[in-house]
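Presented below are the structures under discussion, each in the form of structure tokens.
What follows is chain A paired twice: with chain B in the first complex and chain C in the second.
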Partner chain A sequence: MEAFTDAKAWKAGNHLLVRAGGYVCALPLGSVRRVVRALPVHALPGARAELRGLAEFAGEPMPVLDLARLVQAPPGALPAQPVTVVVWAGPPDARSMVGLAADAALEMADVSPGTMVGGGGGLVRGEVGIGGEVVRVLDLEALGREP
Partner chain B sequence: MSRDRRIPTGGRSRPSAAPQRDSDSAMMGLLLVTGSVLAGFLLLSAAVGTGGPRWPSFVFLFFGGAAATAYGFRVYPYFRKLERRLPEESERWLKLENRLIGAASHLGAGDLVRASEQTRGLPERLARMAEGASESLSGLAREIQDRSIEVASAADSVNQTASDLAAGSSEQAASVVQITAAMEELARTAAQIADNAARQASLAARAETSGDAGSAAVHEAVAGVEEVQKRIQAISSRADALGTRSKEIYRVLDLITEIAQETHILSLNAAIEAFAAGAEGRRFSVVAEEVRRLAQRAQESVASVRHLLDEFAGSIRATIVATEEGSKEANRVFERSRAAAAAIGDLRRASGDTSRVARQISMATHQQNAASDEVVMTLREVSQVVQRMTGGLKDLSGTADRLNSLGLNIQLLAQSFHLASPRSLKHLVEDWAKQIERAAGAGEMEGVLDSLVQRVAFVEMAYFVDTSGYTVTLCYNRAITGGRQLLGASGAREFDMTQRPWYRAVAREQRTALTPPYESLQNGETCFTVGAPVLNREGSFIGVLAVDINVNGWTRI
Partner chain C sequence: MSGSGFLLMRRGGSLWGIANSAVAGLERQDGGAYRIAAGAEPALLVADEILGVVPELRVWQSPVTRRFWPEPFRGLSIHGRQPVVVVDPGHPPVALRPQGEDVGETEGRD
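Moving on to the complex of A and B:
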């Protein structure tokens, strides 16, 4: 953890901070469509563990993924206000609407790419320090590339 | 071998010249008759010559001659015959006299057996008379022996009984003393019980009074507890109402929390929309952020209120629990107070009963004390009577002792008779003497004597002493000595027995004799010795067989 910046200094945020298990993740606001209370899902038999099931959003079926499993977060406290964050996943030319099940939607924050450390081209682009916590910055375009 | 003893004859001897003198006397009688007839004839002839007739002289001569002739042929031979038989008759009468003297001598010595044997050669009537007298005397002596044994035995029993009674009486006296002491102790204890009962009655009366006060106090306590119970129930009702209100507040807080959460999500979505609007939405994003902060503050306030309300609700629940516990405790106190009131009532009644019973016990114990004093006085009188009875029994025991001694003396006197009876010790010892006389030597004699001694329970020991005073054999009754031999044969042989009174008496009289009672060297008990002469095959005295008789064993037969 080399470079943590003070998130309080960023008044206009470009990322949405959410809690998933024991991690705090930053979602780029350009890819976030809506934050709603946790949607009821219909589980799909034989699906991967990350896929909680299908939910209805705006009259359309939408897959809902378990964000904590996606970032392989350790178990956290029992969620008091679980939410589903509706995002655009995948590359810009083939993006699709996906629901991410998170424990709570926290606040907006600015994340500068120069302050990020780590990252390896996967779902997690890198890590920044905000408010004394390690925040994992996600690349939602990479979500569509996931096998 | 004959057991006939030498019989004293009284110094009488047979006259050997008496028949010759009797024969001369018969001849002299014939000559005197003839001479007297001739002298009478001559005197008559001389008288006739002086003038009287002559025929009376011839008649006198004729009858005188006839008388002399008759005497010569009839009287003289008879006298001659008598003179010839006189020595034989004299010898026979001398023998009879000797037998009579012998029988009288045996009778005088108490030997009725030999006295009876001596009378067998007497003429029939005399023999019958003597036999009858001997049998009567023998029966009398046997009766005396038997009765004396019974007297001694009875005296022994009386003595034993008196001793037992005296011992029992002594124990009884001791027991009476102990009972008296126990009764005195009982009287003292009864007095203490009476005092204690009186004190207990007083205490019970005080307890009864205290019970009344306690009962009133407990009733007041019950009333107070009832009031407390009512107050607690009122507090509990109010706490329940507060709990109900708290739940309503919780519902309001939940509603506020939900609105705040919705507001928070709404502000986030507004910020998302503002970001999507680009530069035009920047100012809106500020508003959205402010809304989000308000929502967050609202949530924080709700959390604070919820925290305070939790504490308040916790206090209310604690109050409810405390009031419930207090109510339960008040109920328990109430029940206990009622039970205590009932117990105090029972205690008060029990104290009253105890007081009455204690007074009764005190009165009864006083009566018991008086009765105990009377019993103690009676027991003291009984003790004196028992002590006098003990003294009397001791006197009786002494009298029985003297009676026993007297019976023993009578028995010994009766045993001085030699009877043909199994209870006659002289007869027994003489029979033993006859048996050892037939023994071939000292060894056989000891075997015979030992077998005889072991068969008779009252014989302590028997020994044969020869004329030199040497103890040839000595046999112990192992049943009496228990196999011990306190005075061994070698020890006995160290004494010169010829100087012992019993030996000297037997040797002098050649007759069985008894000694006075003396203390036995074997076991310390009273005994006496019966000695009998022992003769050889020629009838000569060769020693004395002595048999020691245990008096206790003898009187028990």
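Moving on to the complex of A and C:
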């Protein structure tokens, strides 16, 4: 899968595929607000490793999470995480904005629940095979829930 | 001493805000840092820099931040395009508490 570089190259789909370390993750499109260059973050002393810090986006504060750590991905080839994917996390009636630091936004893809395997009811809903790769399908509502 | 608004400070590279009405005293130390007495039974807070008082802050809740940062705080805000952690002066996070120093008395700033 090539990194996404041209807006005209987007194909239809219901998920955005992003690379995070050695994994490819699928984010439900309805929860994706924007993909931007990595936002500057301000670290919070004592935060868990998944929380890179706080950032400002569209005049609001938001936490920025390390997506690779979040899904426990092995290290990838682009450790700088040059992209922040701004998403809505939590249930629709109590959603909050969250940044996901990732290595690349790749492409759109259709993911149907019937093709998914595994998943334990947490952040990773399950896995699907797309373009010869195993893709972790994420449930962003779970991010806003207590573990 | 009391006032409206929020006292903004910098500590550990991040911005923090506390209700200005809770601030009982402010003292600059020899090393350049600040000690702030705040809260009902004044707790001592430390800061690297005092930015001043802003009349108001819009505070957002952030359950995701709470999940990954297990410290007490009231919410998040923005000042000058920088995120601000709004804290309860009576229950400051570890990052704002004096550590390994003689905290002594803090003088009022009036």
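Basically, the second predicted complex is superposed on the first by the 131 of 147 C-alpha atoms of A that agree within 3 Å, B and C clash if a C-alpha of one lies under 4 Å from a C-alpha of the other, contacts with A are read in each partner's own complex, and residues count from 1 in each chain.
The rule is simple: contacts are C-beta pairs under 8 Å (C-beta built on N, C-alpha and C of every residue); 3 or more make two chains touch, one makes a residue touch a chain.
Quick caveat, the model's predicted, so the values are computed rather than measured.
Chemist: Kindly say whether there is room for both chain B and chain C on chain A in the superposition, answering fit or clash.
Modeler: fit
Chemist: Contact-wise, after the overlay, does A:Val83 reach chain B, chain C, both or neither (first, second, both, neither)?
Modeler: First partner only, chain B.
Chemist: Applying the touch criterion given at the start, work out whether A:Arg37 contacts chain B, chain C, both or neither, answering first, second, both or neither.
Modeler: The first partner, chain B, only.
Chemist: Just checking: does A:Gly13 make contact with chain B only, chain C only, both, or neither of them? Give me first, second, both or neither.
Modeler: The answer is first: A:Gly13 touches chain B but not chain C.
Chemist: Could you tell me if A:Gly21 is touching chain B, chain C, both of them or neither one (first, second, both, neither)?
Modeler: neither
Chemist: In the three-chain superposition, say which chain, chain B or chain C, touches more residues of chain A.
Modeler: Residues of chain A touched, chain B against chain C: more for C.
Chemist: Looking at the overlay, what does A:Gly126 touch: chain B (first), chain C (second), both, or neither?
Modeler: Neither partner.
Chemist: With both complexes superposed on chain A, which partner does A:Leu51 reach: first (chain B), second (chain C), both or neither?
Modeler: So A:Leu51 only meets chain C here.
Chemist: Taking the superposition on A as described, I'd like to know which of chain B and chain C A:Glu107 touches: first, second, both or neither.
Modeler: Touch partner of A:Glu107: chain B, not chain C.
Chemist: Once both structures are overlaid on their shared chain, how near does any Cα of chain B get to a Cα of chain C? Whole angstrom is fine.
Modeler: Nearest C-alpha atoms of the two chains are 22 Å apart.
Chemist: What residues of chain A sit close enough to touch chain C in their complex?
Modeler: Contacts found on chain A: 42-48, 50-51, 53-56, 59-63, 65, 89-90, 94, 96, 98, 143-144, 146-147.
Chemist: Which of the residues in chain A end up touching chain B in this complex?
Modeler: 11-14, 16, 29-30, 32-37, 81, 83, 105, 107-108
Chemist: Using the touch rule from the top, collect the residues of chain C that touch chain A in their complex.
Modeler: For chain C paired with chain A, touching residues are 12-15, 60-65, 67-71, 76-78, 81-85, 93-95.
Chemist: Can you check the complex and tell me which residues of chain B touch chain A?
Modeler: 261, 264-265, 268-269, 271-272, 275-276, 282, 285-286, 289, 292
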